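What follows is a pair of complexes built around subunit A, which joins subunit B in one and subunit C in the other.
Let's look at the complex of A and B:
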């Protein structure tokens, strides 16, 4: 489907604001440790930020605090020049799309979308014009008189999005809005969302635990682990230079291989038989992505199992140390053993204790 | 899995029919007895077959007894009870489920207590409060005058309204309403009252209708409290009046056909209500609106 919106580009430019989060912390009553210990970040105006992290890491909590649905007792949230952490949701100029759509079951599509305008006492003519415009943009024009129960999952999702954008919010919040759709619809809706964001220009914050959504939608991805930011960077950078073992192990399919290695006398022995220089001695985690491992030369390793994925296969090998190493290979290979080698510029290094990237310690020749 | 064997089906149907017979037999006897003359019944006991005097007996109910005005009392009291309970429990259940009350569990436990301690058990203290509803304030030393609600419609309905069953039912229903609906309404700028009115009320219609019917029937058939709290025949409810028909006769022999005609007439209103609203009753009992 295509999105057609004859909205002047200037209008799009005015809508977004930047978001500053300063020293935000949250502990639920009765919990002994904070969900979010201390979070500071700056989301640029009009930017599409994806908050990515495992389930239970505090993504929804953070989003709800931005929305005003959850109290933010410590820290500041600033939209543009306005401090909003003490304001009610309606006064923040943001809108939200929920995971289960949360459409009002007894209202028609049109009523669902213009409910907020009615509350804001927008005159009828303007309400109707805006509903018509949003409906056209989301291809809902023919469905305006239906109830949510008469719509498909994808259509409900579009109504939920329409309800959010009809007020032309400065900040658009999404809490896993695609996770209830089937795979095909999810792909479609994802692309529509990306286009929609470009048209509307609102600063968008999108919560997900799906790395594909994060990589494809985000201008920048905020990777959250136990309420802490592990890395906040564009998707390409997160892929190319993960800031910690957590990020390295979370992204990629299959994710980066992490192998325990020791640096002695300035050199690390690699599982492929080679060595690489290191500026510090001690224990490290060596990282290499399965797709960067070179096949056909180097040390021979035993094949544990293969997964055929059609376009390629993923092979699990056993290193001489007994660790598991995943490599991607062209489809349809056979054999009990494979020769692999590690290109130096594909290697990542993480401190064994802190898990933080210490790429600069490697001496590549 | 429910068995679908025919022999099992037959047994179930047999039990069902027995149950229906068991429930309908007294009604049948009442209706049949109401269609005979007092003399016939005196001579040959309660009747199993129709007689020619039904209309005559029903007319006597309207001319010779206080049942009509008492039915009006019942109607007023049952309506007040049902409407009052619907409003009260809608509000209390809303507060319990959607407002983050610090001591919500304590409030709920207190409300639940009214279910464990029905009016029948606390007739005497309830009567005392109703005979002067200002007494608690007077006990606090406030200068208030005495207001008695005994022998008024409100006085008959109030103790039944202050009852937790409705709150409990609606609370269970509200807990099936997705929390995100309330959050979406907040994002749309709706306050608690708007959410209640615009979203929750329309969604609760079947549950409220079921609650209304149940509580109306309860209010209609209440016996002990109306008996205690009404001191004149013109303020008594129909059920109390029916019981009085049996005992009030000035030492004449009891007029069974008249009593049965009155009982049948009095049952007519709740029966009609159930017939009209049973669709809601079933849906509301299921307590989930998909």
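Let's look at the complex of A and C:
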């Protein structure tokens, strides 16, 4: 799929609006605890926000509340200058791509895409022009007369995207749109989506539980845990400075090692034999990414097992305290034990009780 | 392919045998007999019967009474079936928006289906009685406006309403089940496309309900023809003046009141052919359109 466009399809969407979410809360009827207790965030105009979190953390609920498919009884949602939380979906100007595509099975590809234009009473000539343009952009021109059942998964996905962008929406919502595709197609579509977003400029909110999608697509990632924002920051920052043990343990493959440590008399003993200064005594979680651990010097640790991934291998070690430590190493190593050391500037520190990052307590020398 | 739950064919046949036996005894055998009798001249009180070829058919087909009752059957089929599908359809669409569960409600609603046509006829005969029924006040305002005993149209209406009442529960349950089986992402997608409740109903839910609609319509068409007997026999007895003598009732009257067994058998065969043609036409015209893959 090549995205060649003489004029941007979404001229109107160039004015993509910002989204303010203020004090949004949601409890499903009959549930004893809220899905979303109290959420406040600001998504900038034209920004691509990825909402990342484990299954069941309330991502779809949040997205549906933005779209108007789920009532938002508490709090405010503001698109630009319009307060929308009480408006019907059709009055909000959102379009959405669903995980299972939700293409109308009894309509052709062309009808699926221009259904919203028909409802909006767009004149026929313009409808046809827009369908043709979107179809060309998404390489669907040859498939316009087919039914969804006659399309492959990737093609259905593109029709679903076409149906969403044809109206030139100010806000584009995606609910795990790639999770039904196979790995190769998912990679391709991911890159195409990134390009597409740059072209149409709508404010996009993309829900996923896949960290690779989040890291590659997002301008900023909102990490959600039980309906609470753990961190809302650009991908590089989320990787370099996770705000909590939840974020640290959720991102990276394999994710960051978290080791229970104690700070006594202003010093923390590290598993590699060294120590590091700490401004407060007490219990902490020490974090270090597998790829930041240095091999060949320091304390010797026993190898539990190795996973060979071709480009590199992941080795699980046992620390002197009996905890598990993962390191990444060049492929094809052997041996029962490895010497490892922790570079000071790769260390993260989290409060043992709250799980929040307390990086500033470390005294690096 | 789904795996058969029965390991052996004989086992499956054993379980099916009571049903097969009943169907053979009370359906296939009488059908075969009717076909045989339609080619013979039967004596009303037994005795010799003589093979007459197509003479019975020639006689029946040249009888204007037969054509009149066939026409009435056709009219009843359409005027009774269409509301018996449309009313449950509207109820189901309304119910689908509100009541997403309530099994008890659905169970209670299907009970009238278990009531025999004759019992319904007795009840509705009473309800529509021009002197003590619910429409009596009409007659007090405009004397003679409601008179199913003497007015053929009024009598026909009572049959249609009784048939409707009988058809609502089953059709409602089938249509509601069909609506509830639709994934709600279609409705969500349509809502985001800007469709209000009415457009969603017309553009999305109704077309996707086509298989169930087709099913109840085919059943209702054939059933209204047969089910009418119990209603007619208890409410109008074919009257007034033959206005409600549908073919099923004429067959009964000719055979058991007029002792014309050959004529009744011949008309039975013709009625079966009629039902067959209607069903075949429905399949030919509509089935291809209602098929879609999810």
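The rule is short, and it goes like this: the second predicted complex is superposed on the first by the 359 of 365 C-alpha atoms of A that agree within 3 Å, B and C clash if a C-alpha of one lies under 4 Å from a C-alpha of the other, contacts with A are read in each partner's own complex, and residues count from 1 in each chain.
Just so it is clear, contacts are C-beta pairs under 8 Å (C-beta built on N, C-alpha and C of every residue); 3 or more make two chains touch, one makes a residue touch a chain.
The shown structure was predicted, so the numbers you read here are calculated from the model rather than taken from an experiment.
> Assess the superposed three-chain arrangement around subunit A: do subunit B and subunit C clash, or do they fit?
After superposition on subunit A, which the two structures share, subunit B runs into subunit C.
> Using the superposition on chain A described above, determine whether A:89 touches subunit B (first), subunit C (second), both, or neither.
Both partners.
> Look at A:191 in the shared chain and tell me whether it touches subunit B only, subunit C only, both, or neither; answer first, second, both or neither.
neither
> Should A:356 be classified as contacting the first partner (subunit B), the second (subunit C), both, or neither?
Neither partner.
> Which holds for A:106: it touches subunit B only (first), subunit C only (second), both, or neither?
both
> Is A:147 contacted by the first partner subunit B, the second partner subunit C, both or neither?
Touch status of A:147: second partner only.
> Pick out the shared contact residues on subunit A: the ones touching subunit B in one complex and subunit C in the other.
Shared contact residues on subunit A: 64, 67-69, 88-90, 94-96, 98, 100, 102-106, 115-116, 119-120, 149, 163.
> Please output the residues of subunit A touching subunit B within their complex, sorted ascending.
Per the stated touch rule, the residues are 64, 67-69, 88-90, 94-96, 98-100, 102-106, 115-116, 119-120, 149, 163-164.
> Within the complex, which stretch of subunit B touches subunit A?
It is residues 178, 180-181, 183-190, 194, 198-199, 202-203, 289-290 of subunit B that touch subunit A.
> Which stretch or stretches of subunit A touch subunit C in the complex?
64, 67-69, 88-90, 94-96, 98, 100, 102-106, 115-116, 119-120, 147, 149, 163, 167
> Using the touch definition from the top, list the residues of subunit C that touch subunit A in their complex.
Per the touch definition, subunit C meets subunit A at residues 183, 185-186, 188-196, 199, 203-204, 207-208, 210, 292-294.
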